[in-house]
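Please see the structure below; I have some questions.
Naming follows writing order (A, B and C), and every chain is counted from residue 1.
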Amino acid sequence: MRWRIAEDYAAAVIFRLLLAAIIFFLIVPIGVAVILSFDDREFIGTFPPTRFSLRWYRAFMQNPSYLDGLVVSLKLALVATMISIVAGAGAAIALTESQWRGRDVVETLFLSPKFVPTVVIGFSILGFASAIHVFDAFTRLVMGHVVITIPFTVRATLASLVGIPRSLGEAAVSLGATPWRAFVDITLPLARTGIIAGGLMAFVLSFDEVAVSIFLTDAFTQTLPIALVAEMRANLNLTVAAISTVLATLAVIIVLILDRAAGLDNVIGRGMYRG
Amino acid sequence: MSALQRALLAPGLLILVGLVIAPIALMAVESFRPFVGGRVGAAGGWTFENYTELIAPAYAFYFWDTFRIGFIVSAAAVGLSTPLAWQAARTRLRIVRVSIFGLLISLLFLSLIAKLYAIQMTWGPSGPLAFFGALIGVPVRSPGYAEVLVFIGLLHFVLPLAALMLIGTFQNINPRLEEAASSLGAPRWQVAMSVTLPLALPGLLSTFMIVFAMCISNFVVPLILGRGVILFTTNLMYTRFSDVANYPSGAAIGVIMLVLSCSMVYAIAGMARRVAQG
Amino acid sequence: MKPAGLQIEGIVKRFGSQLAVDGASLCAASGEIVALLGPSGCGKTTTLRLIAGFEQLEAGRIAVGGSDIVHLPPFQRDIGLVFQDYALFPHMTVAQNVDYGMRQRRVAQNEREQRRRELLRLVRLEGLEERRPAALSGGQQQRVALARALAISPKLLLLDEPLSNLDAKLREALRVELRDILQAVGMTTLVVTHDQVEAIGIADRIALMNRGRIVQIGTAREIYEHPATRFVADFVGHSLWFSGHFESDGIRAGRFLCDDGLVFVVERPAATASHCGLSVRPEHIHLEARSDDENRIPAVVERVEFFGAELRLHCRLDANGRIIAIPIRSDDPAMPGQGDRVELGVSSTRCRVVPDE
């Protein structure tokens, strides 16, 4: 059965190559963007660049529509995330406090916006906002972004609440704490990681959102992604490479912080058959 | 339910009713109203026209493109993320597992727009991988190449998520089963074919459906990479509204997409229930 | 001469900085059933996985049927494995599970069916071919796992804690059945277990493992009556331990001077190590010293514990106040009560001087 060992070895080699190809596929565009972001040429030329400079980073920072967009995006993400955390975490806590009729339906309802296509959310809120005479773009944007982020804050908070034994709250109450105090002293601190994780996901999601924003912006209030798309439509240049590099670095930093804070192993879990 | 619970639930419930249920209900109602140029909101009468006109070939193509591309990308995403997910689930080296997790999560956190322009720069006419077009017989500057870019863009969008979901699937398959098959004489690929993959099938299927739902709802990829050649129903919804302010028609498309999305979720939930019952 | 069924020489395996297996060696004759017995963490499961090929050997030699197998991948080793959780393929029927190994070896269909029928009859599971593992009881699953491993006619059979997943009553019944099946099959078998009753009930010889090393190999009786170290004496059966040192009195005998003052007449130990102690099994101590009991120890009965068929007498020794528990049968005519004086006796042949490791 000598040939079987060779065939097994060949299969293993092919597997390794496939794995490498997939990882390469996922990483190479980012690598190209990073390299091109330092390209000194004025036009998009052939790869690789020969002269390097920071001109595109400067272009990014000097472009008023990008800067305005950045400010709008940050404000929007912050406001939407705050509202989403308060509403979402609150709902999650209410859902775990005790069993009550209709609880499962409400939970599904809170997670449902995830299954609605984002264009539908943007589109429907546009019509609704007009119907109730809300014409301010920023308000409309907040409405849209809160809707898409709520499922994440609810789910993340739920996940960490499920791990808190009921007996802790009961112990606090038996020692004389009012339900409110038990909530503030026991439940909130223990749910903290879930709330923070949910908030982080909400922030990132809101920051990158296009489909919802494109229906709800107007000429004066644009988010960064919208400004980017509009500018690149007009004249495609390498400023977007600089922006991509900045965002990629941000993503890596967030993940490193996540690993330090919670350990990536714990975020993903090890499944039923650990080790 | 205590007063505290009511207070905690109220804001969320208000948002749900006010910003999700009411707007969608309004949209559904609008979809049955006739289109009167330039108006958003009440116009008299009811009609099915907004739906029937979508059957016309011009529009049917949008639906066809969306589903066709969505299906192929979803299959590719599940297929390509399987080796990655399996390796992350089975490796005993912490550094390998954490690196793969880290890579996948970073990709999730990375702005999709950033990725799409990066893809444009990499596989586009002046990019280092532009030869890829020649490799598969689609010239880089031809309109047909837009479809290639959309494929690549959607793959970048869904692969990390598919891989993360599948890691859970593979972790929950008993590694002793693979060892048993090995001890009985099966070489590694045979173990994968006869034991690992059949047992992973429910997870693979549900991942496929979730990825498919994500693909057909995507807006940005065809917008940025589609070059106007490839447009999804999502983009159609936008142009109906932005170009001709045809709100009712956009609403009709929205309703159709919503119904499709919900049916898929229902199907996945049903499948998950059946699997759990063994 | 038939080549040895299984030969392990000086195998070493590390996990990071942990030394899991530290130079273990054992030899099983062809057709012999050997139990690898030891507490959890002693390295027995790692040894089993090394033989099966799921871990990489760092040093040493493993040979099955006379030929070295270390360079072979697991699917080429011709070793039958029965896992602790049986690892039956849940998506296949019993018949398909048993057939799996034969299919890998391209065995023809009618031969496969015949062998499958034979094996299922051997493990007493005829008629269950079309069932799925989820529809079987624990005992039935274990028998399917056994049949599946035997179907490939392996050169060696490895069993990982075969009875630990079953409840106590079932365990006893299956232990006997398992030994019958293994003897009928006549295959070299290594059974890994932490349960001495399981080891004694199933195996021809027992290899005791502790901290990555094999400490003693022998039949149950040999190990029980002549334990090589304190660990062996403590692990199999009960043992009373006395620290001290040995003083020779002649060629065959000597005295053991305990640290706490007692002195025992003992047989000369087979080997002396730097730290030794005295091991005496409580059941070898007589309540009333007999004529050939060289050692006599006066004591007072402090407490009597009733266990149904057996009583346990807790006796305080006059010499040093130590309390030892001695078992006697409930129907023993000499039945001292609480507070009675007794003269405990034990023969020098029952006092073993062994290394303290």
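One rule holds for everything that comes next: a residue touches a chain if its C-beta (ideal position, glycine included) is under 8 Å from a C-beta of that chain, and two chains touch if they have at least 3 such contacts.
Values in this document were obtained by computation on a predicted structure and should not be read as measured data.
**Student:** Counting only chain pairs that touch, give me the topology of the graph as line, ring, star, complete or other.
**Tutor:** Topology of the interface graph: complete, with all chain pairs in contact.
**Student:** Applying the contact rule given earlier, which two chains have the most C-beta pairs between them?
**Tutor:** A-B
**Student:** Could you grab the centroid distance between chain B and chain C? Build each centroid from C-alpha atoms only and quote it in angstrom.
**Tutor:** 57
**Student:** Rounded to a whole Å, what is the gap between the Cα centroids of chain A and chain B?
**Tutor:** 16
**Student:** So which bits of chain C are touching at least two other chains?
**Tutor:** Residue numbers touching two or more other chains: 73, 75-76.
**Student:** Two-or-more-chain contact residues of chain B, please, as numbers and ranges.
**Tutor:** Those would be 174, 176, 187-188.
**Student:** Could you check chain A for residues that touch two or more other chains and list them?
**Tutor:** Each of 4-5, 8 in chain A touches at least two other chains.
**Student:** Flag every residue of chain B that touches chain C in the complex, lowest number first.
**Tutor:** Chain B residues touching chain C: 174, 176-177, 179-188, 190-191, 194-195, 198-199, 278.
**Student:** Show me the residue ranges of chain C that touch chain A in the complex, using the header's touch definition.
**Tutor:** Residues 72-73, 75-76 of chain C touch chain A in their complex.
**Student:** Across the complex, what residues on chain C touch chain B?
**Tutor:** By the definition above, chain C touches chain B via 52-54, 73-81, 83, 85, 87-91, 100-101, 104-105, 134, 148-149, 152.
**Student:** Which residues of chain A touch chain B in the complex?
**Tutor:** 4-5, 7-8, 11-12, 15, 18-19, 22-23, 25-30, 32-33, 36, 44-48, 83, 86-88, 90-91, 93-95, 97-98, 100, 106, 109-110, 112-113, 115-121, 123-128, 130-131, 143-144, 146-147, 150, 154, 179-180, 183, 204, 207-208, 210-211, 214-215, 225, 228-229, 232, 236, 240-241, 243-244, 247-248, 250-252, 254-256, 258-259, 264-265, 267-273, 275
**Student:** Any idea which chain B residues touch chain A in the complex?
**Tutor:** 1-2, 4-16, 19-20, 22-24, 26-27, 30, 40-41, 80-81, 83-84, 87, 89, 92, 94, 97-98, 101-103, 105-107, 109-115, 117-123, 126-129, 155-156, 159-160, 164, 167-168, 170-176, 187-189, 213, 216-217, 219-220, 223-224, 234, 237-238, 241, 247, 250-251, 254, 257-258, 261-262, 265
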